[in-house]
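There are two complexes below, and they share chain A, which is joined by chain B in the first and by chain C in the second.
Up next is the complex of A and B:
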């Protein structure tokens, strides 16, 4: 890989790929929307594209759907190159961001739309039977004759889902499907979507900018930035072994200390921080001595104590979160950072109050040395 | 000011206009239609159906109006729809503005002047001359129903293009993608999604053009050369030339009744066509 970082498995081991992107680049005029995407999606997998708006995740999805053709590279479905195959010929269905339900049709007509396009014609009785079944699956049994505008946002989303899965696609694409739902409904739908995916065994590809959504639902996440794939991996891999500050920051919360990489010995390196301190940590791949780096330590990996060794800090703010307490602490030269103390630590050591002096420490293995970008 | 008086004030200007310029004149015409022609022209009030029994004398005008108005509406629709579709769906924003302006530009010139242009184009030294030049002789265009039809379509096309353009322009393009995603070929997407969702635009356009065509008199007068008469021409003739106000009033009342009946039938048809939509209530 060009960026030299840990990119994870481009090809998931053992499973047959249902879809692949091979060196896919997409330009809209001067704008580079996607650049050299390489990715293989396994059958039955739940994969998410995660990134801020404009990172190219939707473009990637639209190329899989057949709404865009790649400028360079190949899109493969089931082992066949489908670059110019039009959307209506692809065994792929999509749940659109604002659902894109047909306003002049009833719920049943919307859901049966895909089946009605098939030639030779499927008998009407069979279509209505399959529509009822699809409505059962999304828990909207009996809503056949409702008008679209009579449905709530959550119900519309289920209709959109039913309209897509009834066609038994090889690949189900979901474009920010939960963006228009309120928080509580979103949580419910996330669980339902996961159940549905296991139940149907269809490969899901989700596009989202919500890291929580991606972390909680996906088998693998593909993190994107400026049209490129930054890192692919399971949620745990991305959280524990981010390949850059960008990923560490995007997936979860972390504290970052800037410095220069000094000596890399096997497995352990030393960083000279900008304030003159030296910190040991685990170096990421492809870093060279003398490089500007940052050290990332997750808040929950830090320990707050009264005695012993550690950075001397003052507690600046305290937020009680139930099972955790979040401390914002200030170090003289390193500035502010976050420490997450489990309830147990607060109970055994006694909670810290604002303006208390404290000592912060962490295991060397918890300090990740990362590319600053 | 109470809410009630404010509402009345808001309605007052339009209401007054409506009363003075439409309701009262229509009532007067209705009353006149039962009268008789005064010996010096004008009307002598009476209560006779004589004018109505005389209506068949003007049958040709009614026949022309009732054939050329629907025909012109249909032709305008068939020409306007692809144009509106192209403008709304296929063009880039920059070209869209330029082309829309081009559609409106003819409106900035008087219909009279534009019709005179057609007199020349369809007249002996215009298109027929071109045909003669390639060997087809004896083609007569001016003063025929065809000439009137051409003038009508030309004059009313923008009125048809705009409502259809608006309904197609506000059509969510993701619906077309969704249709394609669900396996519909492009022409099926058009038939199942685009066309039904543009019905409100079609209905409005047809209604506008049809109603205005029923009362048209300038284009038939200029391009029909007194041979292709519309009801409108009959009215001008009766009121201004022969000064038979009573008969003219009867013709006018009949025209209004015919129009009301056609439009009612039309509305019924359209609302049945778009029965599943609430936004079809156009007028």
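Up next is the complex of A and C:
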């Protein structure tokens, strides 16, 4: 965080941490892949690393798996520092992006691979029994003797999942597991994955660049940018109380108006917008008077009316989305922004047409004053 | 352009075709066809000198291909694990080793081995218990195998490296993520996946060693390999027997080369 502000609950309240990152930094030569990561993952929670590619989320995951060693700081599993503990000694399993199933083995051989490595050896009968159970869990019963290349993408993903969960890991790491699936299948797998997590009680750590995926599945999301953690919180917290423009923009959509923070009174501040207008809003943490800020208002918090008070705008475009209608409106000096009107409003007020004049307003509490970065 | 290509192919393959054709010649002259016969094949196969040379060639080819495959694979796997200038240097050296003319390898190996033998022989004699005749290191089947292993190793390294590079790194990571030790990963994942390439390397090495004349000529000592036998008997004139031997060698070589090629193709497809 450039402003040294509030990042969110680094530690989940009241639960035993199963894994921790303490001031973890990772450099690849000159490249800073992860910088001063502090995070504690609670037993049984579903945590997501969310961010664009190159933000360090995969590096964080790989340090938990044991494929990378932190340059600085400590990685802890179950309270023990494991910085240099090799991957094959860690009670952690991973579902790889392209699944990384062994092409020369059958489905059953793939799934039983982890159990076969354990010494003293587990009896063959027990392994095959547990493989069948794991296949049941991922709804692939009876597929034991299939070849990997005979399976569809969705089935391969289930095999990869079964191969990981059969070992009952302390931590299941998922590296963009849905990236290779089509949209419909992805939705199904998201629900299945959540069910599975509740059913097994295993701690899941997911890496994704898909905000929808992170929002729908996670207990907590850790938003990353340029190797740093920007904000940690539940999906609702991140949506309702983003700590920066970056988070507000990344989690959901929002309208932003740039300006300078003028004067902070208790709980309410005034922003002098670049066009000379003054707006009141809720200030975020760590902001100082005179700072360059932006005011964020979610499209669904805005109301579009024909009479009363509000910003005068012209409807530029409208998209009917069923439950909602999305209006793109233009203000003379503020430019374009989005308004999301519920179906109910359209029915009672009458829908607006393109080129219609309208008035836009919102509650002061819906206007969040955020760091510009 | 097409005519040119046809000419090139004719130029390449007519002599080979002629050799194959004349090996079935009933007459004893190499220049005129006198009906079909396989008697020269029988003659070649019943010639004790030919069979001796063949045995030497097979032993040398098998041993050097085996050693080259084992050491070449080890080197390839090790090279895959390192990065940067060290790896680039070794890569360059390996390509040089493949491209270097056989005659240079032959002379270099000869000089190298002779020098080492000259140093070692007195040493061995000195530490050998009295009353027994100390063994004497000299040129022979051992030096043949050593020389062939050296230059074939580079070939195996290149073939196996190509396969390793095409292998998804996530596979070995997945294996270690699933508790396999580095050795376990090599045995259960890496080796099965690169095995077609190793086998192809073995077959190619076998063929190259079996066909090699130049290097063998320098380091064979008193041993005679099949190419050396053919060379020495050609000085007494080309007989249909030589043609028969040539045709057999070519047939076996072609078979091995095609098998190797198929292995590489199929293996390549499977890993995708």
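Side notes on the structure shown:
The definition used in the following text is that the second predicted complex is superposed on the first by the 370 of 373 C-alpha atoms of A that agree within 3 Å, B and C clash if a C-alpha of one lies under 4 Å from a C-alpha of the other, contacts with A are read in each partner's own complex, and residues count from 1 in each chain.
The rule we apply is simple: a residue touches a chain if its C-beta (ideal position, glycine included) is under 8 Å from a C-beta of that chain, and two chains touch if they have at least 3 such contacts.
Fair warning: this is a prediction, and the values are worked out from it, not measured in the lab.
In this superposed model built on chain A, chain B and chain C take up the same space, so to speak, and clash.
By the touch criterion defined above, A:320 lies against neither chain B nor chain C after alignment on the C-alpha atoms of chain A.
Applying the stated contact rule after C-alpha superposition, one finds that A:86 touches each of chain B and chain C.
In the superposed model, A:147 makes contact with chain B only, not with chain C.
When both complexes are overlaid on chain A, the residue A:96 reaches chain B and chain C alike.
Applying the stated contact rule after C-alpha superposition, one finds that A:28 touches neither chain B nor chain C. In the superposition on chain A, the residues of chain A contacted by chain B and by chain C overlap at 65-67, 86-89, 92-94, 96-98, 100-104, 113-114, 117-118, 163, 167.
Residues of chain A touching chain B in their complex: 65-67, 86-89, 92-94, 96-98, 100-106, 113-114, 117-118, 147, 149, 163-164, 167. Taken together, the chain A residues at the contact with chain C in this complex read 65-67, 86-89, 92-94, 96-98, 100-104, 113-114, 117-118, 163, 167. Residue ranges on chain B touching chain A, taken from their complex, read 172, 174-175, 177-186, 188, 192-193, 196-197, 274, 276-278.
Residue ranges on chain C touching chain A, taken from their complex, read 168, 170-171, 173-182, 184, 188-189, 192-193, 270-271.
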